[in-house]
Amino acid sequence: MSEALVIRPLRAEDEADWRRLWTAYLQFYDTTLPEEVFQTAFSRLLEQNNREFQGLIATVDGVAVGLAHFLFHRTLWATTDTCYLMDLFADPNVRGQGVGRALIEGVRQRALAADIPSLYWMTQEFNYPGRTLYDKVAEKTPFIVYEINS
Amino acid sequence: MSEALVIRPLRAEDEADWRRLWTAYLQFYDTTLPEEVFQTAFSRLLEQNNREFQGLIATVDGVAVGLAHFLFHRTLWATTDTCYLMDLFADPNVRGQGVGRALIEGVRQRALAADIPSLYWMTQEFNYPGRTLYDKVAEKTPFIVYEINS
Amino acid sequence: MSEALVIRPLRAEDEADWRRLWTAYLQFYDTTLPEEVFQTAFSRLLEQNNREFQGLIATVDGVAVGLAHFLFHRTLWATTDTCYLMDLFADPNVRGQGVGRALIEGVRQRALAADIPSLYWMTQEFNYPGRTLYDKVAEKTPFIVYEINS
Amino acid sequence: MSEALVIRPLRAEDEADWRRLWTAYLQFYDTTLPEEVFQTAFSRLLEQNNREFQGLIATVDGVAVGLAHFLFHRTLWATTDTCYLMDLFADPNVRGQGVGRALIEGVRQRALAADIPSLYWMTQEFNYPGRTLYDKVAEKTPFIVYEINS
């Protein structure tokens, strides 16, 4: 991992970088979102509120190269909350330099600081680059996901 | 579906039934939970609070035969929340009578009433009885789940 | 398992039963096959030749209720051959009576009699009734199947 | 793809290269095989017999960098045989240069020359480098594999 890699909370002045990185991430899922969603998301991420999504940004030599969005939420199987890592993105230009791994570790540390011992995320079965990392730092569960969109 | 099947919110007087059903559900996952977790869970479920887990109970001819636990939570990809169905259980003695399907539909209706258009849940890849139902009422996504337990 | 359940090699006089059972099996895969394929298949199955497909039929009280088609073939990782179970079918009317299990065991015994220690088959990920049985009598491998049809 | 990439049938003088490449491939599966299996396998591969495994070797500028082992065998659902690609290996040092793809295409052409229209193989669900290629050149089927080893 580069000495110059920094993981820190998202800040208001990161908006342009954040929009660029999240747009690139959403493209990976063939998704575009309306401006209203970008504004609402960024506003929530800046609240630094344990009941809202929080954001981390990764910089290398001061250049924003990755992001993570996570939410603490209730789980009924424990009295403590759990942490859901919803979005994780590292610029393909810096892949292999530990940015994704450092972002996951950053989220894990923030969860632990809030007394939250578990962290989970979902990924598409065929996300091979992502899974190559996840197999090293996490446990694959036997769970799959069903959904209903009304 | 039986005429006598009723899906309704969990109530304080359901505690004994709820403990029986949830214990049976947790056994399916080879899980036991401490008394503290049962108490905290039941207390939260009774709050009828859109930021906490909510519970539905299914009765047939007045006998409690199933339950569902769900949570509305933020999603960053939309301005509306999403609905996470965490626990779903139908007494094996009433399997095939539409209890599970009615519970999912009950959760879906409560999400819609809160302007929440999407509902999702996780299930183990080898939960064949569950998936037989889920394939009929929902979409299997390509998502799998990773976790870190510190 | 019923006392009256018999597993035996396919015989020429089984043709009508075999056609009925294999047709039902193929329907499960939304498949119909031309008459030429039925004739060639039945002819090969009757050869009792270790280089061709072989067939077993299951009868309960003399009524044909299931079939298995298997092939011994080379594997390069061993000097012995392996056994591929291509088709396995039990009439849905007799499900739960051990017909599928007895057919698998019948194939396994015939492989062992030919000094073939391993038996494998493929099934669709969502074949829940089948997998319920297979999980009890076999090991699920991490292998999935790719194909090219020119 | 390099101009200098050649796909050709395995020959007796390839034995040292073939042993090196197959050993490396088997290491990927944490497998070692006894000398007897190597000898039997190589002997069968040299037979150029449509009822035995056949082998292809890939060379770049005359250096052996990959291999494929395949078997034509009966399928009961058609009057023609099918082609099973059992082993496919490209030296990691030449990954990304089209060696694996050219070997698959070589097998496909040899199957077509024998009037065999279909080609299939199995791979571990978590073989991400392999699947990255397979997703481009083949169809992922919904089939998974069960086995019994007596």
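As written, the chains take the letters A, B, C and D, and residue 1 is the first residue of each chain.
The rule is simple: a residue touches a chain if its C-beta (ideal position, glycine included) is under 8 Å from a C-beta of that chain, and two chains touch if they have at least 3 such contacts.
Everything numeric here is computed off the predicted structure, so don't read it as measured data.
*Asks:* Applying the touch definition from the top, give me the chains sitting in contact with each of chain B and chain C.
*Replies:* none
*Asks:* If chain B and chain D share one sequence, what is the angle of the rotation that overlays their CA atoms, in steps of 5 degrees?
*Replies:* 180
*Asks:* Since chain A and chain D are copies that touch, is their contact same (over half of the numbers shared) or different (under half)?
*Replies:* Same: most residue numbers at the chain A-chain D interface appear in both copies.
*Asks:* Just how far, in Å, is the C-alpha centre of chain C from the one of chain A?
*Replies:* So the centroids are 48 Å from each other.
*Asks:* When the centre of a chain is set as the mean of its C-alpha atoms, what distance in Å lies between chain A and chain D?
*Replies:* 39
*Asks:* Roughly how far is chain A from chain B, going centre to centre by Cα mean, in whole Å?
*Replies:* Centres of chain A and chain B (C-alpha means) sit 27 Å apart.
*Asks:* On chain C, where are the residues touching two or more other chains?
*Replies:* 126
*Asks:* Connecting every touching chain pair, does the picture come out as line, ring, star, complete or other?
*Replies:* Topology of touching chains reads as a ring, each chain with two neighbours.
*Asks:* If you go through all the chains, which pairs of them touch?
*Replies:* Every pair of chains in contact is listed here: A-B, A-D, B-C, C-D.
*Asks:* Which bits of chain D are touching chain A when the two form their complex?
*Replies:* Of all residues in chain D, those touching chain A are 126, 128-129, 131-132, 135.
*Asks:* Touching residues of chain B toward chain A in the complex: what are they?
*Replies:* For chain B paired with chain A, touching residues are 26, 31, 33, 36-37, 40-41, 44-45, 51-53, 69, 71, 73-79, 84, 86-87, 104, 108, 111-112, 117-126, 134, 137-150.
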